[in-house]
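Order of writing sets the chain letters: A, B, C and D. Residues in each chain are counted from 1.
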Amino acid sequence: MYEIIKDSKGTLNHGISACAGCGMELLARCVFDVLGEDIIIVIPPGCAALLTGMGAECGIKAAGMMCNLENTASTCSGIRASLDSQGNDHTTVVGFAGDGGTLDIGLQSLSGMIERGDKVLYICYDNEAYMNTGIQSSSATPFLASTTTQPAGKPTVKKDLVGIAMAHDIPYAATASLHNIADLKKKIQKAKDTDGPSLIHVLIPCPTGWRSDPADTITLARAAVNTGVWVLYEYENGEVTVNYKPKELKPIEEYISLQGRFKKVTEEEKAQMQKIVKQSYERKIAKLEK
Amino acid sequence: MIKLKFYGLGGQGVVTASKILSTAVSLYEGRYAITVPSYGYERRGAPVNTSIVVDDEPVLVNCFVYEPDIVVVFDASIIEKNVNISEGIHKDSILVLNTEKASVLDKYSKFGFKEIFYADGTEIAHEITGVAVPNGSMMGVLAKTGVVGIDSAEKAVEEVFGKKVGELNAKAARKAYEATKKM
Amino acid sequence: MYKMLDGNTAAVEAMKLARVDVIAAYPITPQSTISEKLSEIVASGEMKAKYIRVESEHTAMSACIGASLTGSRAGTATSSNGLALMNEMIVAAAGIRAPIVMPVVNRAIATPWSLWCEHMDTMSQRDLGWMQFFTQNCQDVLDYTIAAYKIAENKDIMTPAMVCLDGFFLSHSMQKINVPAQEDVDKFLPQYELTNSYLNPQDPMFVSNVVGMNDYTEVKYQQKVAMDNAFDVIENVFGEFYAKFGRKLNIIEEYKTEDADVVLVCMGSMTGTVKYVVDKMRAKGKKVGMVKLVVFRPFPYKYIYEALKDKKVIGVFDRNSCLGGQYPPVCTEVIAALKGTDADIRDYVGGLGGRDVNPSNIEKIFNELLDIHSGKSYKHTNWIDLKENPMDSREVFKYV
Amino acid sequence: MQKQQEKHTKQLKKCRVLGPVATKFTGGNTGSWRLERPVVNFDACIKCGTCAMYCPTDVIEIDKNAKECVKIDYYYCKGCGICAKECPKKCISIVPERSEE
């Protein structure tokens, strides 16, 4: 059906109006790379809506639809059921939603989808706030990060999405980071091959919302893992594998000094932050490797 | 047009009974019926009632029955639960009652019904089906009033309950029909 | 074949005959038996469909939209607060042009809590781009549901439809229903085929994209045109239905209006009771009549005008409180339809939260209208069957 | 698939689709946003492909046989600078747009 106006190497056009240095755009390219063209993608309004263009024009050359903010998972369930009723077991149904649409308003529909065991691949690009609408806090916003709704910094820590999915005993769930694209793509492939619901939670540095240099997107993704802010692991058929453990955690300074959203953090708060990050990292590793 | 009102307790199958009656007149006697149940927050043991209108023509009226021609009481204890079963009755109204106890009959005789048809439907149901749910057997008692034929009542009981349970309940209906007394 | 069905099972029967492929339903009183029965017949293999046991009505409608766009005839049903929760997706389904047909069992929306019948749930969704059919009895539920699929899926319409049945008065009322044979319905209602927008990896397109201020007006206008076109399609489909099944379906039904002095316009299960009262009053020589509105959205302005243009006194019965409005919705529409005539149109509100609309109330309304017609009186009672001193209905003792 | 799609596009007939549907595959000239541009020192380049892998806009291609082994599509390049930052040999520099090289 698509009328091709611009040449493009892949499923996603180059001229996407995402911000310069956007991690979500890179993630989307990886997703389309691995999944190929036999997909139906569901995107809620948010940053990922930039991939789809505007009006009659679209940046994705694949079958897809824009759902509402909170029902990515449930729309995917409906599409899956329809494909199943037509005997189609080859098409991958993908939900591609941000942290707000997943961890806040969309958590119920995601929970329902996982619990029912619908074969859907759900990807959460987590840029840690409602970036598309102007950097408002979400439940994925980290401790002390400043946003437009909490300029003094968020007083609580981030929600653990994969932990929630693991509590549903999801067949496959993983965290991933943009600095390790091979690992990311391997996980997307695994999720695609899962016979049941699968979830990938990717930390996405956002130059606009994190007030960082666009060039630092990958650096930040790497620093998040090395400082222990972000843990790379996967949950597969009830077994946890921690994919990468830094020999020694880097100081949190390396991660937050590159970001404007932590600019107002005092030395005292920084120490507190370091303590929380270290504690939660150690607790998490202990729990995962139990 | 005959207007009926069924009174009973939640769990006794009053709604099922109304289904049996409407099935009997609609499918086996070529007449028409409409049932309007009056239950809300479903729970066992609470008083419930159902309105049924039976007619030779398609029934238009779709609301509760306020002036019943026939009142069927599935559980005699209902009058102790703040339910006025004689509400709206007129001089020709008939009562169908699930009891054989003289003391209970005595109480009910004061309501001013023209006739009372009665039998111990619960006992008959228990004896034949093994379950003390009187909705099948009470259809037999109701049939004695002439609002529905006993043959079509039997068929309807079988239709609603399904073959196995239905046969036993139909038997109970027939037995109750034969055991029905009138005062 | 005649069967004894209640309104809910009649809706299920219609969905089964329409060969719905994907069902996503969430139980809510008084709709619950629809969800139960559907899951039961899917599990037993009596109906070949996928049943999604969703965790909310919002998800139910979302899943239906997804399934509908992927090429399945999708079905769900709801009621009251469930419909209110769906609200956002109701708009989406209409805008996306997913021709979903949904039985709605009318019930009052909390609060105050009531499990009983009222039209407020569907009335609050009336302008969101869905067609609405209101039914009088269980046969209507079955017939209009089957017809609604054909109307909704017409390529010029592509608009979802609600088939509204009154909670308990229809949903749980046992009635004798003529159920058509599957092969006859198959001939009447062909297999669902996507010709508008769809989700197909072999022939990709992106559905429900952002349009912005450039296209929004035009896309909405397309929906308006679909609604405007609907009457031709509805008439054709009703005609076909009559030819196939021998039962006449109506956009509006006029009941003894021809020589009537006063006419009452109403919808839903109460229309049966009103017909009964009309017959009774006619027997006493009182010239009363009724208009039953079946199609409420799109609103049949022309039909109402034709039916009532010569009437001097008209009552309109709304089973819905219209808080803060001049007239309740049905009455507003009737007034708009009769603009330019010199009809005296009176609004009546009643039957709220399941309060019974009984023959004596209807008779009172007709008598009031007759009084107005003969010039005996000018006043009428807006809220019928209201208890005395409603403001004191929660008078309590407090320590002061 | 690209060729197939184009062939397919030519066969398309006009038909009316109702509702908010996008059927034109296209993208904007995001290169016009650029304030700075990446410039490659081809002599130092080891053709590892790191820049291409991390480019969010996917506009870098590595041609191992050509002298100018790193091709950047400036029509789309947003000039974010990730390629320069991640280059292991630091052979990409970011220069202000419209400046002399």
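Here are some notes:
Operating definition for what follows: contacts are C-beta pairs under 8 Å (C-beta built on N, C-alpha and C of every residue); 3 or more make two chains touch, one makes a residue touch a chain.
The structure displayed is predicted, hence computed values, not measured ones.
Here the chain at the heart of the structure, going by C-alpha means, is C. The greater number of contacting C-beta pairs, out of the two interfaces C-D and A-C, is seen for A-C. Spacing of chain B relative to chain D, judged by their CA centroids, is 81 angstrom.
Chain centres here are Cα means. That of chain C falls 54 Å from that of chain D.
Averaging C-alpha coordinates per chain places the centre of chain A 42 Å away from that of chain C. Put simply, the C-alpha centre of chain A and that of chain D have 23 angstrom between them. Among the residues of chain D, those in touch with two or more other chains are 21-23.
Each of residues 96, 205-211, 215 in chain C touches at least two other chains.
Of all residues in chain D, only 1-2, 5-6, 9, 12, 21-30, 33-34, 53-59, 73, 75-76, 78-82, 84-86, 94 touch chain A in the complex they form.
Chain A contributes residues 1-10, 12-23, 25-26, 29, 37, 52-53, 55-61, 178, 181, 207, 213-219 to its touches with chain D in the complex.
Residues 2, 4, 115-116, 136-137, 168-170, 172-176, 269-270, 272-273, 275-276, 279, 356-360 of chain C touch chain B in their complex. The residues of chain C lying in touch with chain A in their complex are 21-22, 24, 49-50, 52-56, 58-59, 62-72, 74, 88-89, 92, 96, 198-201, 203-212, 214-215. By the touch criterion stated above, chain A contacts chain C in their complex at residues 1-2, 37-40, 42, 45, 49, 52-56, 58, 60-68, 70-71, 74-79, 81-86, 91, 108-109, 111-112, 115-116, 118.
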